[in-house]
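In what follows, structures are represented as structure tokens.
Note that chain A is present in both complexes that follow, paired respectively with chain B and with chain C.
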Partner chain A sequence: MTEVSIEKLTKDYGQGPAVNSISIRIAEGEFISLLGPSGCGKTTTLKMIAGFEDATAGAIRFDGRDVVAVPVEKRDIGMVFQNYALFPHMTVEKNLAFGLEMRKTPKDEIRIRIAKVLDMVQLTGYSERYPRQLSGGQQQRVALARALVIEPKILLLDEPLANLDAKLREEMRVFIRDLQRRVGITTVYVTHDQAEAMTMSDRVVVMFGGRIAQIGTPSDIYERPANLEVAEFVGQVNIIRGKVGNRVVSTAFGDVPVSGDFADGAELMLALRPEAVELLPINSGAMGAQAKVLSSYYSGSLVDYRLELAGGVVVNVQTFPRTRFADGEQVLVHAPADRFWPLGSAA
Partner chain B sequence: MSKPFFTVYCLIIYAFLLAPIAVVVIASFNAGAFLTFPPQGLSFRWYLVFFNNEVFMRAIRTSLWIAAMTTVISGIIGTMAAMFYVTHAGRLKETVRVAMLAPLLLPEVLTAISLLFFVYSVGLGTQNLVGMIVGHVLITLPFVFINVSASMESYDPAWSLAAQSLGAGRFTRFRRIMLPLIKPGVIGGCLFAFIISFDVFTISFMLKGVGMSTLPIQLFDYLRTNFTPEAAAVSTCSIVLTMAVVIISEKVLGLRIHRF
Partner chain C sequence: MNVPPKKRLGPLLLIAPAAILLGVFLVLPYLNIVVMSFRMPGQGTPYGPGFTLGNYGKFFSDFFYIQQVINTLWIGFLTTFLCLILGYPVAWQLARGASAFRAVGYALVLSPLLVGIVIRSYGWTILLGNNGIINRTLTGWGLIDGPLPLMYNALGIIIALVHVFLPFMILPIMSAIQGIDPSLEAAARSLGASKVTSFRRITLPLSLPGIQAGCILVFVLSLSAYVTPSLIGGLRVKTMAVTVVDALIDTFQWPFGSALALMLSVTGAIVVVIFGRLTVMKWKA
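Then we have the complex of A and B:
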């Protein structure tokens, strides 16, 4: 197992930095996702770790050893490409054997290791097939097996699920995550799908415009976003504004206590996730602010409401459809104080 | 077009293309002394004459040798050029393409004369086959280039990257991944090179040394003074030879396109 450390890594293609001085320490066996919108430099970062791109500046270390000067073929990485890049003229078995042959592994051992890895990706019996004779999901698993069978130091995946349909994508998420846990390999996973990053990763690196906006566990990123951009990128969020006074922010929800150093009188933005809000009937006698239902969208397991609070503040709320409220109905809304997360002063 | 009409149409075109060849082949079995059609009786007489004609035999050997050398050199240079063109040419892509196809666009006579000046001005002369082979490589190169770059277009660069990530160096990536996948284009291009080189007249005529001759030149020379069925026998043999090369390389090397 390998610890990877990236220090002040920068890549400039000539039109300003595509990756701008990023630093990440990836622990042994950790699953890290690079998450961000298109063009934020995820692939570029991954290519530099793999060695396909030279870094303009900065260092990449595997277990403390600087690998910047090591060519791809000597870096001992396992890579899974978005379109799988299986060799079309080779059977599954030959595809899997290729990396081992490059390492001059004895024939008997190659056979044993291929059998083992095929079992791992649940494709025993498929070794004589050509890639074109496999479904997208099966090809995906062969690509994964091909990267893992060489027992590389680190596994790199660039949007490996982007070409699969929604249902298969969810299955593969769980599959890859389980496999990674079992093998215990240090993994860097690139995606622009926040749900994918959240469900699979130990930690998520959120990137914007070549810079790291936040590194943290999925719950850190979701519940304690570093700034407005991150908050909005990972899921839906309501931005509630209010004035600070006496360690309390007065908002449409009432007074919300905040920890942290905020000057009295400052205008503050608070992030509030839609599912953190509770809806109650107006006559329930509970605590809460009054609101009017503007509209609702029913999606089976959940209902999304748009509500208007006092002062014209509109919030989105997501609840289980236990009690339904009609459009135009008056309701009580309530959110626990610890679900309001300060994003800093409103400009 | 309706189907029967289309069938007839195709048959007519084939007949138009193949009839002259058939005439030559049939005429080569003529038992008489003159090149006539229909033949007067059938015999292998003129084949024997041909096989015992040392001048023709030498010309065939020369032609085969030149074609083989041309195929190898053109195959290697053309494939390398196509690889560069598809993967690395960048902004120069169009320029590279036009430059590579230029020998097709220029009249062969012009190319031949320029080459003649060239081989003398660099002191090569025409006493060995070098100048001749350079000329043949020049005019066959576009065919290798077109065929290989066509098959390179369906080559996904990610295959090379994947091989590299699995530990394959530059040469292994080419030999085990790229070459097998562009093989149909390479073989097709090389076949073209061989056949064209075997057949070319103008360039060979200009660049041949004194007393040297390729099969087309020898045949032309022969027909100026003789009109026996031997010429038909020579032609037939040259057709069979070319076809044999195509069929054998297809069987041995496999021209089948990989289906993905």
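Then we have the complex of A and C:
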């Protein structure tokens, strides 16, 4: 198991830094995701860790040893590519043997390790197939097996699920996460899909424009986003504005207590997730602000509402479809005070 | 399944022009050559009355002709091999090199095709002759005493053929390499392969379809090349194509010339089939 430490890593292609002095410490056996929109520098960072891109500045340490000057083939990494990159002219077995042959592993051991890894990815019996004879999900598992069979120091995955259909993608998420836990390998996972990053990772690194916007556990990122950009990138969010006075923000939801140093009179943005809001019938006698249903979208397990509060404030709310409200109906909305997360002063 | 007649007619109509063109101007003449090769030699006419196997008998009984086939095959093999050795790195650069080089390189590779083959072959006689530029320069510098035999031999023919046919090797290989996903090489590197190993184990085998196509093209073109061997080989070295034309035009032996032409075609076809078998790619299917 390997600890990876990235220190002030920078990549500049000559048009301003693509990756701008980022630092991440990845613990032994940790599963970390680099999350961000395309062009945020996440893939470039992964390529620098792998050794496909030279770093302009900074250090990458595997267990304390700087590997910046070490070529790809000597870094001892396992990498899974977006398009799997299986060798089309080799059978599954030959694909899996490739990395071991490069390491001059004895033939007998190669056989044993291939059998073991095929069992691990549930592809026993597929060793003589060519990649084109496998389904997308199977190719994906061969790619994983090929990266793992060499028992690398770290596992790097570059949007490995992007080419799979939705159902398979969810299956593979669980599969990869379970496999990673069992093997206990330090893993860096690049994705632009926030759900993928949240469900699989120990910690998520959110990147924008070559910089790290936030590093934290999935719940940190989701419930306590560092700024508006992060809040909006990881899932739907309502931005509720209000003036600070006497340690409370007065909003369309009523007065919300906030902790933290905010000057009286400052206008504050509060992040509120759609599922944090409760919807109640107008005559329920409960506490809450009045709102009018503008529209609703039923998706089976959930219903999404668009509501208008006093002062024309529009919020999105997501609830279970136990009680349905009609368009135009008056309802009560309520959200616990601790679900409002201050994002800082409004610009 | 019953396909409405209209639907079946569509594809037929589409290939009809090409099929008619090939049928009238390739298949029929070819059949004519086959028939011609069994005719009796004529006296003052292209062929005489009746049929015979004598033309083939003459070919197989005279070692001169067998030797010529072997020479022609050798020239074809060597030309193909040299084109492959010289062309592969160029093809690789065109497919994977810096973009600035690619545009210029592509133009350079194609540019010889813009000049007629007769002119290019004459160009080589100016370079390769005993009084040619190469020999005069080397003699002038005192590097050699007499002129090197660069012309009127197989060497000269091969040099000129390699030059003429190089683009036909480069282009298919280039397109094959372009078709290889670069992440395959990246994957090989990530698994511990050096750049050289990754080329040898991944890029090279995956470019085999291009190599195969290029080799077949160059080999077939070399076998049937006429202008270059006749200008550079002169009277001393003759390839089959030159001998065939001699038989047809100089000595007016149409039946025998036809038999020679067919023997050249058959040997070429046999070599191509064997080559195809040897380089069959199981992974493609």
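Here is the rule we use: the second predicted complex is superposed on the first by the 347 of 347 C-alpha atoms of A that agree within 3 Å, B and C clash if a C-alpha of one lies under 4 Å from a C-alpha of the other, contacts with A are read in each partner's own complex, and residues count from 1 in each chain.
Simple rule for what comes next: contacts are C-beta pairs under 8 Å (C-beta built on N, C-alpha and C of every residue); 3 or more make two chains touch, one makes a residue touch a chain.
Since this is a predicted model, take the numbers as computed values, not measurements.
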**Request:** Overlay done on chain A, so just call it for chain B and chain C: clash or fit.
**Result:** clash
**Asked** If you stack the two complexes on chain A, which partner ends up touching A:150: first (chain B), second (chain C), both, or neither?
**Response** both
**Message:** A:72 in the overlay: touching chain B, chain C, both, or neither? Say first, second, both or neither.
**Reply:** both
**Request:** Go through the superposed model and pick first if A:83 touches only chain B, second if only chain C, both, or neither.
**Result:** both
**Asked** So, A:108: does it touch chain B (first), chain C (second), both, or neither?
**Response** neither
**Request:** Have a look at where A:52 lands relative to chain B and chain C in the superposition and call it first, second, both or neither.
**Result:** both
**Item:** Partner chain(s) touched by A:261 [first = chain B, second = chain C, both, neither]
**Value:** neither
**Asked** Residues on chain A in contact with chain B in one complex and with chain C in the other?
**Response** 50, 52, 72-74, 76-79, 81, 83, 85-89, 98-99, 102-103, 132, 146-147, 150
**Request:** Provide the residue numbers of chain A that touch chain C in the complex, in ascending order.
**Result:** 50-52, 71-74, 76-79, 81-83, 85-90, 98-99, 102-103, 130, 132, 146-147, 150, 156
**Asked** Touching chain A in the complex: which residues of chain C?
**Response** 181, 183-184, 186-194, 197, 201-202, 205-206, 281-283, 285
**Message:** Per the contact definition, I'd like the list of chain B residues that touch chain A in the complex.
**Reply:** 156, 158-159, 161-169, 172, 176-177, 180-181, 258-260
**Item:** chain B contact footprint on chain A (complex, rising order)
**Value:** 50, 52, 72-74, 76-79, 81, 83, 85-89, 98-99, 102-103, 131-132, 146-147, 150
